[in-house]
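Structure provided below as structure tokens; questions to follow.
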Amino acid sequence: MTAPGTAVELSSLDVTSIKADFTILERKIHGKPVVYLDSAASAQKPESVLEAMDTFARTSYANVHRGVYTIAEEATDAYESARRSVARFIGAPDAREVIFTRNATESINLVAFTWGRANLGPGDVVVSTEMEHHANIVPWQMLAAEKGFELRFIPVDADGRLEVANLGRLLDGAKMLTVTHESNVLATINDVPELAAAAHAAGAICLVDACQSVPHMPVDVTDLGADFVVFSGHKMLGPTGIGVLWGRSDLLDAMPPFMGGGEMIADVRLDGFSVNELPWKFEAGTMPIIEAVGLEAAIGVLESYGMDRVRAHEVELNRYALATLGDRFGDKLKIWGPSDAEERGGLASFSFDDIHPHDISQVLDEHGVCVRAGHHCAKPLMRCLGIGATARASWYVYNTTDDIDALADALAATEKFFSI
Amino acid sequence: MTAPGTAVELSSLDVTSIKADFTILERKIHGKPVVYLDSAASAQKPESVLEAMDTFARTSYANVHRGVYTIAEEATDAYESARRSVARFIGAPDAREVIFTRNATESINLVAFTWGRANLGPGDVVVSTEMEHHANIVPWQMLAAEKGFELRFIPVDADGRLEVANLGRLLDGAKMLTVTHESNVLATINDVPELAAAAHAAGAICLVDACQSVPHMPVDVTDLGADFVVFSGHKMLGPTGIGVLWGRSDLLDAMPPFMGGGEMIADVRLDGFSVNELPWKFEAGTMPIIEAVGLEAAIGVLESYGMDRVRAHEVELNRYALATLGDRFGDKLKIWGPSDAEERGGLASFSFDDIHPHDISQVLDEHGVCVRAGHHCAKPLMRCLGIGATARASWYVYNTTDDIDALADALAATEKFFSI
Amino acid sequence: MSRLEDLYKEVILDHYRNPRCRGELPVPPATMAEGFNPLCGDEITVYVEVEDDRLARIRIAGRGCSISSSSASMMAETLEGCSLAEVGERIAMFNTLMSVHEASLDHDGLDADGLPADDGAPMVDDDALGDLVALRGVLRYPRRIKCATLGWTTLTKALAEAN
Amino acid sequence: MSRLEDLYKEVILDHYRNPRCRGELPVPPATMAEGFNPLCGDEITVYVEVEDDRLARIRIAGRGCSISSSSASMMAETLEGCSLAEVGERIAMFNTLMSVHEASLDHDGLDADGLPADDGAPMVDDDALGDLVALRGVLRYPRRIKCATLGWTTLTKALAEAN
């Protein structure tokens, strides 16, 4: 660990006071202060998010939409207010375009099961990329097996960027381009406005997996030019159990419903049913109500930081991490993805001296340092890179250069341990 | 309101101390103490459930299954421990048969989308009942429209019981009987062991919607003889955002997966994927982790009460409610469903003196009394009964005879208001 | 009970107890539309007969709560015999009055009493509304706004059928 | 570092650095099976050639962490040349040792150190295990048990292919 005071000043966010809002970060692991570097898998929850959920459950909880009594009205208002906050946060033109789901995975499956099932058949093409998370591959594979359309993948180049030279040919005949905004392995930020424009020019619509971008940088769905955008609450300081699908209302209106049940119907007879209007058409059964309240609180916290500053903070950490790890380990440590800190999201997947990522993560844990090891739900990408797994450190609003130093120190200890 | 002291003694549960665990019940509505009689829609959350979630989020939160560091191990243990608790609570032979979902609605849709899609086609028959919640009708209607099988409904008799005289004929050729354990409108408790046996004799499997039973009485899936059982966390003192599907492992093993994404796969290549084992095969993406912890705490609370005593308490309230409302309003107030308190779950849907249920609920709210008004997501049943809506009062562990008295007093005031 | 009486104004209870223009019309020459309130299960059917650009006859069938029944009853009483242009104006005016509904996903603009705040609130002239002004009280009860508008949206559909 | 050294015993690190029986076998006459660890993405391929009811040759390909590699390496070294009956016994014994894995949905039976409690814990004779006993330390790390068993479950599949 570097001596106190050597931490680089990060002017963009007051991390000391932010950190105090996250009780879990006071914890010790094997006697060492926890260094949480796994926010790309899931973020920790600040005080105000936990409090908002707790207070709501203690004062205004009831099932929503179906009651006229005061508490039910309050609960409904809270739930619908969360929807408006999400819409505002991502620049959605209309709150009715915001559908709550369980997680981003369900959001993508919803589109595949409804838009996909209604629009895709033999001869059609869906284009994805080699850097997608399984959540943005498997639903399309399942549907392709059933419907007989073709699935194509934009390749990844040696620097971890999408190889767009042949984009026109790949998009030829495509009805859908489904692409991640930021790779959860490579940290590459894709040029979505350009990709979406190319998709539209080819007559395709564009779904954006914004799981790694919405929590970490300003995202405006209109600026992206996307038709669908998905993300999860738990990666953006919010609770588990809630995710978001944003979609253009004309598309959502034309889609058949997904799951059947309460709330998504206008009428049910023994011989059939008619569908409710947006957004409820896609929200079957009792939704994650308390979680919506928590998500709204998380958005409030992020807005209070300012997403520009969140992004600036992470870029500074990128810069510090690339320099520190490069200086200390040289060629022994390979960080995957673009080499420019500005072009990267706030994470670094690396291979280290032939030590298996699993073993790295295990030894790091002994030092209190939490990193993920594995394929990060991106096995096709792993195969492209010719590796089985990486270790991945990822940072967020509560991380500092001290945390990067702790990572580097623990890596040095790992190297020593396995070379004994 | 009756004078203090006149409340009938309910020996089965210590409601006074139970009630103290639910902060929201200390609230006042329009100056009156809240009388929460809408637990059939959703139950309130006790202290220990809120605390368990909060503490978990403050000490051991991380994404599950994918990390080897200590906090991730703790989170995974907590999540899988919740699964074991659910299995124990419902007598499931094997915890791998317990699948977490968002809610009961998703659980039913999961079965329809996977088992249903793989097993049902033209010429096949699915049998349901006229008293089902939309969640157990619409998924089958959607699938029937796609797959061309026949949907039949067991009728409801004048007392609100299933008319089983022609059951054999209805089940002839059926592959699935899908039936509610307890009607959320009529309070009828169906004889599931008998129905399931009849289904099996006819070569059909049996799905049980246990949304209204698992929270309120001892339920053992093996005793029920069911093949699938579904319920929601939020109705059993647990959080929103989590539901359960229990299924026989041989059926679950044979079923295709539902949603595609992380965790449900064993391997993914660009040209296809292979599926993970049970239960994760059906759990795509980041699950409601914190909610699973809350659900386990809720089960702990219910087990500490004892489900036999919970049931006994509700039967006593049934008896008191039937007597009180009958005495005070006579024929002006019609309670739907069986007239015997022992045969009913803990709720009463009623029609009152031609006053629209919406208006009843609105005036009751003025007295702090929370009841639901509407079709209760059972429009086909409403049509059978020849009505558009009912008002419904439902009770749970925290309700007393005082609450029933408050309901009766508020109903008297409602009558007066609309007859002015 | 002043809150309640604000919602259930006398004129509302009167229309509820004695609904105007109840019944059905033969289709054709009339057209009809059905409306549902998914919240409470209310169903309403509106029959209209247009002659010479006038709403010559209007009948309301189905069941509803006091708010939806009285709103539909007042609507029918007010509009029967009006020119289609006037009908369109009235519908627009009513929609404006209830526009918290149309923006029910965005009703931030309520004041502490739950009534639309002065700034940005829909301004509708009380005189032009007549009896319908009694429905203003519904705005305090956002979930009931769908009750008040059910007849009106169903009328709009029935008129669309007539074209 | 004593916790860590309990997991990463010297013999484990030795097998990791110098894995035995690495390579492939021509199929046929050999049979093979692939195994995945969904947690970390490890892939292993086990090749076996059975002659006269003996596991005549076994080769391991693919990549894995120190635990999965060393476990597979020790497995191959121990089992090559054994009769199928012995192989079956060894697999059963190893599965018992790791049975916290099989009951990974139900590993309540761990003591405070995360090791199986005496009562109800799988009892396997250390002598019979040989080097494999070094893998006992894995039981403290439930998520790593899948690493230790990957080679063994894949071998079982490869042997099933041979039938």
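The chains carry the letters A, B, C and D, assigned in the order they are written, with residues numbered from 1 in each.
What we mean here is this: contacts are C-beta pairs under 8 Å (C-beta built on N, C-alpha and C of every residue); 3 or more make two chains touch, one makes a residue touch a chain.
It should be emphasised that the depicted structure is a prediction, and the values quoted were computed from it without experimental measurement.
Student: Using the touch rule from the top, work out which pair, A-D or A-C, shares more C-beta pairs.
Tutor: Ranking A-D and A-C by C-beta contacts puts A-D first.
Student: With chain centres defined as mean CA positions, report which chain is farthest from subunit B.
Tutor: The most distant chain relative to subunit B turns out to be D.
Student: Subunit A to subunit B: how many Å between their CA centres?
Tutor: Whole-Å distance between the two chain centres: 32.
Student: Quick one: subunit A and subunit D, Cα centre-to-centre, how many Å?
Tutor: Result: the chain centres lie 36 Å from each other.
Student: So the centre of each chain is just the mean of its C-alpha atoms; given that, what is the distance between subunit B and subunit D in Å?
Tutor: Whole-Å distance between the two chain centres: 44.
Student: If a residue has to touch 2 or more other chains to count, which residues of subunit C qualify?
Tutor: 39-40, 43, 141, 144
Student: Residues of subunit B touching 2+ other chains?
Tutor: Those would be 30, 66-68, 72, 263, 265, 267, 358, 362, 373-374, 379.
Student: Under the definition above, what is the set of subunit A residues touching subunit B in their complex?
Tutor: Touch list, subunit A to subunit B: 23-24, 27, 29-30, 34, 36, 38, 41-42, 44-45, 50, 53-54, 57-63, 66-72, 102-106, 108-109, 112-113, 130, 133-135, 137-142, 145, 151, 153, 232, 234, 239-243, 257, 259-265, 267-270, 272-273, 284-291, 358, 361-362, 364-365, 369-374, 376-377, 379-380, 383.
Student: Which residues of subunit D touch subunit B in their complex?
Tutor: The contact residues of subunit D facing subunit B are 36, 38-40, 43, 104-106, 108, 141-144.
Student: Under the touch definition given earlier, write down the residues of subunit B that touch subunit C in their complex.
Tutor: So the residues of subunit B in touch with subunit C come to 30, 356-359, 362-363, 366, 373-375, 379, 382, 388-389, 417-418, 420.
Student: Using the touch rule from the top, collect the residues of subunit A that touch subunit C in their complex.
Tutor: Interface residues on subunit A, with respect to subunit C: 65-68, 72-73, 76-77, 80, 83-84, 95-96, 263, 265-267, 274, 276, 280.
Student: What part of subunit D is in contact with subunit A in the complex they form?
Tutor: Touching subunit A from subunit D are residues 1, 3-4, 7-8, 13, 39-43, 63-67, 69, 141, 144, 147.
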